[in-house]
Amino acid sequence: MPALAISPTNFVLLSAVLFFIGLFGALTRKNAIAVLMCIELMLNAVNINLIAFSRFVTPQLFTGQIFAIFVITVAAAEVGVGLAIIINIYRHRLSVNLDDFDWLKW
Amino acid sequence: MYHAWLIPLLPALAFACISLFTKQWKWLSATLSIGAMVSGFIIASFVVAGVLQHPELINHPLVYTIRWLSMPGFIVNVGIQLDPLSAMMLFMVTLIASLIQIYSLGYMRGEKGFSVFFAYMSLFGASMLLLVASANLLELFVAWEGVGVCSYLLIGFYNHKISARQAAKKAFITTRIGDTGLLLGLLALQLIFGTLSISSLSQQIPQYQNIPLLITVAVLFFLGPIGKSGQFPLHVWLPDAMEGPTPVSALIHAATMVIAGVYLVGRVLFMFHSVPPVMELVAWVGGFTAIFAATIAVTQREIKRILAYSTVSQIGYMMMALGVGSLTAGFFHLWTHAFFKALMFLGAGSVLTGLHHKADVWEMGGLIKKMPITAITFVIGGLAIAGIPPFAGFWSKGDILDATLASGHVALFVIGAFTAFLTALYIWRMIFLAFFGKENPENHPKESPAVMTIPLIILAVFATVGGLIGTPWGDLWGRYIHFGTYVAPVANWPLMIGDTLLGALGIFTAWVFYCKDEEKVKAKALAKQFNGLYTLLYNKYYIDEIYMWFNHTMVDGVGRLLYLFDIYVVDGIVNGFGAFTLAAGAGLRVFQTGRLQNYALVFFLGVLAVAVLLAFTGPQATLLLGGVR
Amino acid sequence: MNNFPVLSVILFAPVAGALLLVFIPPDENKLIKAVAATATFVSLALTLYLYLLYDKSVGGLQFVERIPWIRDLGVTYFLGVDGISLPMLLLISLIGFTAIFASWNVNMRPREFFILFLTLVTGVMGTFVAQDLFIFLLFYEVVVIPIYIMVVIWGSSKRVTKEYAGMKLTIYLLIGSAFLLVAVIAVFMQALAITGTPDFSIYGLAQVAFPAAFQRWTFAFMLFGFGSLLSMWPFHSWSPDGYAGAPTAVSMVHAGVLKKIGGYGLIRIALYVLPVGAAYWAPVIAVLGVAGAAYAAFGALAQKDLKYIVGYSSVSHMGYVLLGIASLNVIGINGAVANMFAHGIMAALFFSTIGFVYEKTHTRWVPDMGGLFQQMPRVGVAFVLAGLASLGLPGLISFVPEFTIFLGSFGRYGGLSVVAIATIVVTALFVLRAVANTLYGPRREEYDHLTDIRGPEMVPLVVLGGVMVLGGLVPSLLFDMINSGVAPLMASVTHTLQIGGLF
Amino acid sequence: MAVDWSLMNLEIATAVLGLGLLLLGLIIPHSARRGLGWLTVLGLAGILALSVGAWSHQGMLYNGMYIVDNYSTFFKEVFLTAAILVTMGSMRYVDEQVGYQAEYYGILVFALLGMMVMASAGDFITLYLGLELMTIAFIILVALRKTDGKSVEAGLKYVLLAGLSSAVLLYGLSLIYGLTGTVNIIQIAFLLAGGSVSSVLILGLVMLVAGVGFKISAVPFHMWAPDVYEGAPTPITAFLGAGSKAASFAIVLRLFVAGFSGIWQDWALLVAILAAITIVVGNLVAIPQTNIKRMLAYSSVAQAGYILVGVVTASPAGLKAVLFYALLYVFATVGAFTVVGNFFAQTGSDEIRDYAGLSQRSPLSAAMMLIAMLSMAGIPPLAGFAGKLYLFATVVQGYLWLVIIGLVMSMVSVYYYLRVTLVMYRDEPLDPAPITVSFPVALTMIIAMIATLVIGFYPGPLANITDVAARSFFVLH
Amino acid sequence: MTSIFQVGAFWLISAAIIFTAILVVASKQLVHMVLWLAVCFISIASLYFLLDADYLALVQIMVYAGAVSIMVIFGVMLTQKPDIKECLLFNNQLKLATLVVIVLLALTGGMTYRADWFVSGGTVPADTIAYIGQLLLSKYVIPFEVAAVLLLVALIGAIVLAKEVKPGARSRD
């Protein structure tokens, strides 16, 4: 039933939605850790893209999958560093509210 | 005669030498200056002798030049042009300048800038001599301006006096206005004829056809003489010029500055002659100036001021003569006038030294007893200028009136005649007031030293016999100095008698008013009766005031206006740009709030912008608008 | 020519001096000045030597040095002088030398002062000897920064603060140079596109036939760049403030020479490389020039500060220069170049004199002065000399140039020239006023203690005054040289124009 | 296939150096850690020598996944130069202000490694990893002054915003991968050579522009730069400005000039506009700054705009101009920031007004600052002039407006540079105590100064080298 | 893939993903956020199964649902103020952000929706792990190494940054 057939488009749209949900959170949540999580959502959206394309476009080459693996690795590293910094700044300002961090401006 | 080029050079060297080296040693400086001038005079007399032996020079002047400047389309060769005219001028200028400098030895004794004075005098003489001898109009212009600047320096010699500094400025600016016209004239000539050498111009101009253009050029050209020779309406500087030391006034009025204008007109008479309307202009300017200045002179009180206006008037006379086409008469008067005017100025100077610079003739009187030589020489000068035979003035003035009448300018003749009467009147008014009548008890005059009186005597001799070279019976002058073909003069008895009577009448009137009645009641009554006229004349028709007003209101006004425009509008725009830039910087800065998520938002706004830009501008935008490929 | 790189020596003698100064202890006051004077004197002597050695009959570039510099841009280290640049080189050598003595009494951080000053001198020299646009630009802006620093440190604040004046001057000239740079890059790339070989040398670019439209806008840009440097009306407003703010030496060099780079560039580069554009814009240049001449003369009339008077008068004189350039014929451009030289000498003398007056009386405000002739006759002489020169008195250096400018432009822009000539009366008016109110008039006791200039302070008066008189009495000294440079240049230009069929 | 690992000598050496530093940091006593700086310098110098030796030793690994051409080698040399200068200039600063020498130098070296990978990356995956390696290393370095709240805040802003931007970049990469079925740039270029664009390609392009625009801090993706630059330890700011930016340009060129050359006319105008906006905004906002680090940060934003000009034409000339500018910009930036760091280490201030009388307190510093700033402003005879000449020469035909904007704004920039000059040279010092310049710092300044002057006066050699590098780039693609 | 199961599974999973994602963004408590995030990750992993990327699915579960979530939990724990009251969930740019996001989403959707993707008929080999492992160590060894270094750097960095600064630490270093 072609009408229902799942084409890459579906996945792309799904990932787009996920991406922008994450983006919305990243733009609006006050809490630094929350923003970090939202960024993870966005990266996952990218992964969905990659793997979907890997499945549909280059099934035998695994390019997308490997790309996704690296993305996941980097994401994990980023989360680690990010959290470390957030903890650090929490020590300084006793807050993780991003609106409080405006010593550097203009 | 072939060393005429030395004549301007020597004084110039003297000037350089004095101003650079020998300033400290007064007498050395003076000697240098006088020596240069006198030797110049000696050479000049040889030159005159040479010219007299070579009558062919009249039509084929002796010219020798060197290259001064050359570029494609503009070549200037400077040098000496010798013909009777220039020879005569060289002779006259050197003679009078030498006498005046000798006289200055006494007059300037003890002045602070003694040697500076002599330096300036030398430069003054040098410039005038160069002007006279120059073979090229540009060279002549250089000398012309040199004369101007020297007069500026000398008039402002007492630079601590406010009046002196104003007079100097006035003299320079006023003449400068005229010179602008002259400069334009020169430019035009150079453009039209491609040369400024007098001799070649004298060949080319008479053939030139474009009369209207030539008229403009000539009129512009004539502005120069108007300024330099203090013709109306640029005469205002001349009377003030007596702010300088008296010898300077003498030099300016008699031998150098003011006659430069006359000389120039005479030099290029071939140009004016080929455009009759301009000749008329010259004649009328001269005539008007003559009577105009004479009327003013009648009412003045200061001795030098009276003489100054008389100069203006006499120069007007010469101009009139040239205007009616008589080079001979004009220059003859120039020649005689030089002597008696120098004589009278120096006399006035001697009087002033005697009276410790009290200048008002009404406060003098009876000086003849205390300073006989001065007085007698002065009287001779008076007779000369009043045109009493056989003194020099009689002959030259007679020639002028003769020429005017002969050329059919009756109106001008009448003016001239009346001026002659006025001249006699005001000069003798001065003489009677100053030298005759009863003495003024406050004054303790005494005769000046020989070094001052001897020049007076020499000049007096010339003022007496100087005219005899131009009588209808022995017309040496006219044979050498004339324009076009030479016509031997014939004795015009009625005119001669008329002149004499006019002069005598003037003297008599003066005697009646200012000598016969000790108290001068008549004169005062007359002045009272015509009070308005009197004040008008006494204030020189208020022309100075008008000029002052124009200068300070209009010119300075414009200046101030433009300056404000500059700092507020032009500068305002510049600063406006600057301010705008700074404001833009400060404005954009506000977006940098320091809020991380604002930054993120801006980032994605940027994404949006880029997306729109790419999707809707690129070459394939149309195909993308539908979102289809 | 023997292959001794004399131009490079002239160029880098001041730099050597500056480097030497770096190693002199900053308090060795006299020594520092001596070194600076020596360095500039070397340049001056060599320049005079070249001036005498230059073969006018041959003309063209002489004493050429060329070393390939940047191959891919076709840049060569290409030095040489012709009849136009040599007088300019002489000018900067003279003024650089005399300015050292004019600032003989600088005792505040003298070492830095003279280091910067020597750099400045080198920069200006470089622009005149460089025959390669790239090298030209290198030197062109070297001068800006030293000037700024000198103004803000050693300058003086009057109507405007020296910071404002310096910044205005600097930014103004830099913006101008930005447009110049645009034009240069465009010309270079266009030439590259036409000929295929990169070449930055002025001569090489002049051989390229650029399309007319292209020439029009590039010339306009160059005109703006050079014009603002030449203080072309209405881009002049930096100039009076700048001079007023600057220390004496800078005023001398800036008014004396730096401005002239603008005129030099207009003739030697813009006109030479883009004749069609020049022909197109010439009327505009003429109008702006005359407007500037008259406008600035009147503006000077309203000034009370001596430096402002001279500042405006220099704007006015540059107006004449522009008029001469606009006449686009040999006579006019001869006059323009000569007038740049003349005005340089005169302005330098003016500013050095004003510097001395200011140094001694601590005022430049004309109403506060008067009768200075009695206390300082030599200063007075210098001032009067400069003044007379600036009102174009025959017998001084600036008359014949002005006359030739008028002569050159009269045929083309009759009316405009008449206005310009009439302006000299106004010039006379304000100059004589300044002279009268500063030097003449009753003696003022408060200045009785002042000492006249003497010793080293006399150098500017003697040297510059001498040149002034000499150049006035024997103009051919200057004009033969200039003509030997202008005539061939105009020959090539007119040739192109006739091919372009403009007139 | 046979893999010629010798092509990766530089990277391997760098990695070894980094690991060695970290290990040494563990074993040697604290007192000895100060020596690590010199060790780093020596090591990097050795690698630089190696890279010079490896010049035109070109080739590809895994058919174009890793490209070693003169282009990448030149960039690696640029990074190495920057790293060496930064390390030398930062020793004292690190010892006194930061601590953690081992970690500092080690991570700095790894950041360098990341840049090198970026320079040679031939496909998206390598490119992305290199980018992230550099970014994470920088995040850590930025936040390393833990005692300073500003530093940590800068770190936080950097990590979050960098995360966002790399997410966007990745999204774009994924789309293009989906469109072309490959991540290999050369193949993508081949596939896109037709020049037909689909909407998805455009979308991917947009995301890529945003992602790399963030890295090169092009307006409007620059917002992070001023804050991070100001907060970061000064030497790191220098390295961010010089190295990170250059590396990002390396990938910009790979992606756009090589990858998307087929659809050049689609993005040329966009890049031109971005360049113009970046130049204008960067310079304008720099004017009102009072903190010198922040001012230099904005000016470096503007500099990114200038470099971007070279990308517009996607021509060898433009590429060459970019390479040329990248190197000279390293000297200017590192020089200026070294002065700032040294000054801060002794006075604890970054305020411009405190620089009063620097010309008397430390003539060398003042001169360095002046020369660096004038070079950035492009005033002859400094290197910046030659660089701008090369950059704008490429666009003068077709993008005249860009040339005018760029040059006029560069002259405007002189305004704020001169304000600093004014303070340094005219004002009398508030505290006459001289600013001591330790040997390594002095060395850094002198090298930077001489390089700036020499490149300005005699750009010939560098021009030739960059020319060769640029050509090698086009040989491969 | 057209079999009804796959289709149904896709819709189901995507619904779950979006739903949980929204919850993540919207939930007040950070802890809840983390939990929903974990759920979201798991459902994404199941999507990977659907896409025959079983190895990826495992990695996803282990790294994301496992490691990352735990780390985040720690982070949350360490940064909780005594009184955990998020006075306001969203910052003041909510409206503008919403607008931008929606527009961008619309744009992206519009641009990707009708694009037809090149779909190769090929199928994914059975055991992906072997292939991937082989590729990672052969073709993708350079990125692999770089990733290793990256992790090392991140590790050290995290330690250095998270480490408590002892008083007087500065004087020692």
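First chain written, first letter: the chains are A, B, C, D and E, and each begins at residue 1.
We adopt the following convention: contacts are C-beta pairs under 8 Å (C-beta built on N, C-alpha and C of every residue); 3 or more make two chains touch, one makes a residue touch a chain.
Keep in mind it's a predicted model, so treat the numbers as computed, not measured.
Following the contact convention of this document, D, E is the list of chains adjacent to both chain A and chain B. For this structure, the chains sharing the highest number of C-beta contacts are A-E. The greatest centre-to-centre distance from chain E, using averaged C-alpha positions, is reached by B.
Among the chains in view, C has its Cα centre nearest the centre of the complete protein Cα set. Comparing mean CA positions across the assembly, the chain most remote from chain D is B. Put simply, the C-alpha centre of chain D and that of chain E have 30 angstrom between them. Mean C-alpha position of chain A lies 65 Å from that of chain C. Between the CA-based centres of chain B and chain D the separation comes to 76 Å, rounded to the whole angstrom. Rounded to whole angstrom, the centroid-to-centroid distance between chain B and chain E, based on C-alpha atoms, equals 101 Å.
Shown for chain E are the residues that touch two or more other chains, namely 91, 93, 97, 100-101, 104, 107-108, 110-115, 117-118, 120, 140, 143, 147, 150, 153-154, 157, 161, 165. For chain D, the set of residues that touch two or more other chains comprises 125, 129, 132, 136, 139-140, 143, 146, 155-157, 160, 164, 175, 178, 181, 198-200, 202-203, 226-227, 412, 415. Multi-chain contact residues of chain B (touching two or more other chains): 589, 592, 594-598, 600-601, 604-605, 607, 611, 615, 627-629. Contacting chain pairs (ordered by label): A-B, A-D, A-E, B-C, B-D, B-E, C-D, D-E.
Chain B contributes residues 595, 597-598, 601, 604-605, 607-608, 611, 615, 627-629 to its touches with chain E in the complex. Touching chain C in their complex are the following residues of chain B: 67-74, 138, 141-142, 144-146, 149, 152, 156, 159-162, 164-166, 168-169, 172-173, 176-177, 180, 183-184, 186-188, 190-191, 551, 555-556, 558-560, 562-563, 566-567, 570-571, 574, 578. Residues 91, 93, 96-97, 100-101, 103-104, 107, 110-111, 113-115 of chain E touch chain B in their complex. Taken in their complex, chain B has these residues touching chain D: 581-582, 584-586, 588-589, 591-592, 594, 596, 598-600, 602-603, 605-607, 609-611, 613-615, 617-620, 624, 627-629. The touching residues of chain C, counted against chain B in their complex, run 168, 171-172, 234, 236-238, 295, 298-303, 329-331, 334, 371, 373-374, 388, 391, 393-395, 399-400, 403-404, 406-407, 410-411, 417-418, 421-422, 424-426, 428-430, 432-433, 436, 439-443, 474-476, 479-480, 483, 487.
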